[in-house]
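There are two complexes below, and they share chain A, which is joined by chain B in the first and by chain C in the second.
Then we have the complex of A and B:
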């Protein structure tokens, strides 16, 4: 039953994306950047989804350390993996945009650099997990590292802002820029679809973790017998 | 035994073990020399530009050489199950961590203080004009390196690929601290004192040290005992 709901939700997310991409493609071109501007419909929602994932990963890690319930460890790892994929999508779409507008694939700008450092931090989290065999130790150490990484993110962002001035365009929504209303609507649809897609991926990953734990315990039982 | 006495005992024990074997500090210093040598191939070592990148160069040497000391910090306790004995000893995890961090701080500082004049000679840089401010930045940056390195040394001591994992985990976390230390060191080596526009880096470095020392002290018990 749960699996069927997941599949349905996944299909819904993909359907929204497909319909919305079609609609976005028909929107008029932006005055200065032309069609390239439309990458914002993907670039920003995946970034927000990745940030949400980082916050949930912190929550899962803290809850694991407090309760020692493996449910939260599974949540932390699922959310980190999915968040890492979304952050990678964010970096790649940003890089494509930069190639078109700036003429370079990469600039050592504050936002780009801090996003890259975040990616490396959470990639380290996954590598740490792979290096530890014992489940309790793996979950504890990973949770500790996740807390360290999350605290690091704001310090990284501030320090790199001092180091390099911003080349990355200011966010449209906070800096007085404006979207026409129907653009905002399509943006929000994409936002919802990305978040839903993220949630479905996390849920699928959680199922895998559960199955993995079951296999481990069965294997231990077989050893005892 | 009071808390600080416990810290002191652990630090002295570690330093004594290191001074008797010299296994980490010799390797670390030799490694620092090798990196300094390799850098001379990467750019013209006598040019004026060396001074402009000196901070980055020095801190890369310190971070890489320091990792060798930090790797040994907890790994040294593995033979004869010394680590289990230390955890079972009637001292808190925080005292054990702080003692080890202090010993590592002194060892890494020693490597740095020997590397600095060697750097000055090899690259023909007069680095002493802002000596005391440079020492302050060195101490703050090294404490950041050792506090993160020591807690992650405890984290990685029992796992596969220990030597690979420690730098993989520490360097990304250390990005803000290394960035600040590099900026300040470049200025100080070039003879520019810390001014109003670089003071923010100093504050950031102090903040980094305070935050991560506190977080490590809170979490070390979890890391050691589980």
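Then we have the complex of A and C:
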């Protein structure tokens, strides 16, 4: 039953995104950047999903350190992995957008660099987990590392306020601008669909963590017998 | 004479069409890249799910067989 609900939610998220691609294609061009600006409908929702995942990973890690309950460790690893995939999508779409607008694939400004560092930190988190065999030690070290890695998230978000000479522009809303209402509607639909897709992926990944724990206990039983 | 006066307009239209085509190319690259990354991740999850199910099944089968195959004291 739980599996079916997950599949239905995943299909709903994909259906919204597919319907929205069609609707976004029909929207008028942006005045300065033209059609390319429409990358924003994917670039920003995947970024927000990835940073939300990082915040949930922080919460899971703190709760694991407080309670020593492995459910929170499973939550932290699940959201970190899914967030990493979304952050990769954000970096790649940003790079393609930058190539068209700035003429370069990459600029070492504070926003882009901190986002790349964020991706590397969370990739390091997953590598750290693979390097430690003992489950309690692995979960504890990973939780501490995840809390440390989260320090970069506010830097990613506020870099455009803290550093002035950036290649990356300030977000539309922070710079006092606004979207036309139909743009906002489609942006929010994409945002909701990406978050839903992320939640479904995390739920599937959590189930895999449960399966992994079952395997560990079966192995222990096999070892005892 | 009429054709000559229209030439800049045609050139303008061609250049606008080229600009649009170029921008659509980059938009499609962006969307395709985002989707490819997410699809690759989903495929990795599916592969992991299958591996975990196989592993659980083989461990359960091993545990069921083990007491039967052990010699009695």
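Rule of thumb we're sticking to: the second predicted complex is superposed on the first by the 212 of 225 C-alpha atoms of A that agree within 3 Å, B and C clash if a C-alpha of one lies under 4 Å from a C-alpha of the other, contacts with A are read in each partner's own complex, and residues count from 1 in each chain.
Everything that follows uses one rule, which is that a contact is a pair of C-beta atoms (placed from the backbone, for glycine too) under 8 Å apart; a residue touches a chain by one contact, two chains touch by 3 or more.
This one's a predicted model, so the numbers in the text were calculated from it and none came from an experiment.
Colleague: Now for A:65: first (chain B), second (chain C), both, or neither, which partner does it touch?
Modeller: Only chain B is touched by A:65; chain C is not.
Colleague: Under the stated touch criterion, which partner chain does A:162 make contact with: chain B (first), chain C (second), both, or neither?
Modeller: first
Colleague: Once the structures are superposed on A, label A:26 by its partner contacts, choosing first (chain B), second (chain C), both or neither.
Modeller: In the superposition, A:26 touches no partner, neither chain B nor chain C.
Colleague: Please indicate which partner A:89 is in contact with in the superposed arrangement: first for chain B, second for chain C, both, or neither.
Modeller: In the superposed model, A:89 contacts chain C only, not chain B.
Colleague: Scan A:4 for contacts with chain B and chain C and give back first, second, both or neither.
Modeller: neither
Colleague: Can A:39 be said to touch chain B (first), chain C (second), both, or neither?
Modeller: So A:39 only meets chain C here.
Colleague: Considering only the touch criterion stated at the top, classify A:223 as touching first (chain B), second (chain C), both, or neither.
Modeller: A:223 contacts neither chain B nor chain C.
Colleague: Using the touch definition up top, name the residues of chain B that touch chain A in the complex.
Modeller: 148, 151, 155-156, 158-161, 165, 168-169, 172-173, 175-176, 179-180, 183, 200-201, 204, 207-208, 211-212, 215, 219, 222-223, 226
Colleague: Which residues of chain C touch chain A in their complex?
Modeller: Spelled out, the residues of chain C in touch with chain A are 19-20, 22-24, 26-27, 29-31, 33-34, 37-38, 41-42, 45, 48-49, 52-53, 55-56, 59-60, 62-63, 66-67, 70.
Colleague: Sort out for me which residues of chain A touch chain C in the complex.
Modeller: So the residues of chain A touching chain C come out as 21, 34-36, 38-39, 42-43, 46, 82, 85-86, 88-89, 92-93, 96-97, 99-100, 197, 201, 204-205, 208, 211-212, 214-215, 218-219, 221-222, 225.
Colleague: Once bound in the complex, which stretches of chain A touch chain B?
Modeller: Residue positions touching the partner: 65, 117, 120-121, 124, 127-128, 131-133, 136-137, 140-141, 144-145, 147-149, 151-152, 155-156, 158-160, 162-163.
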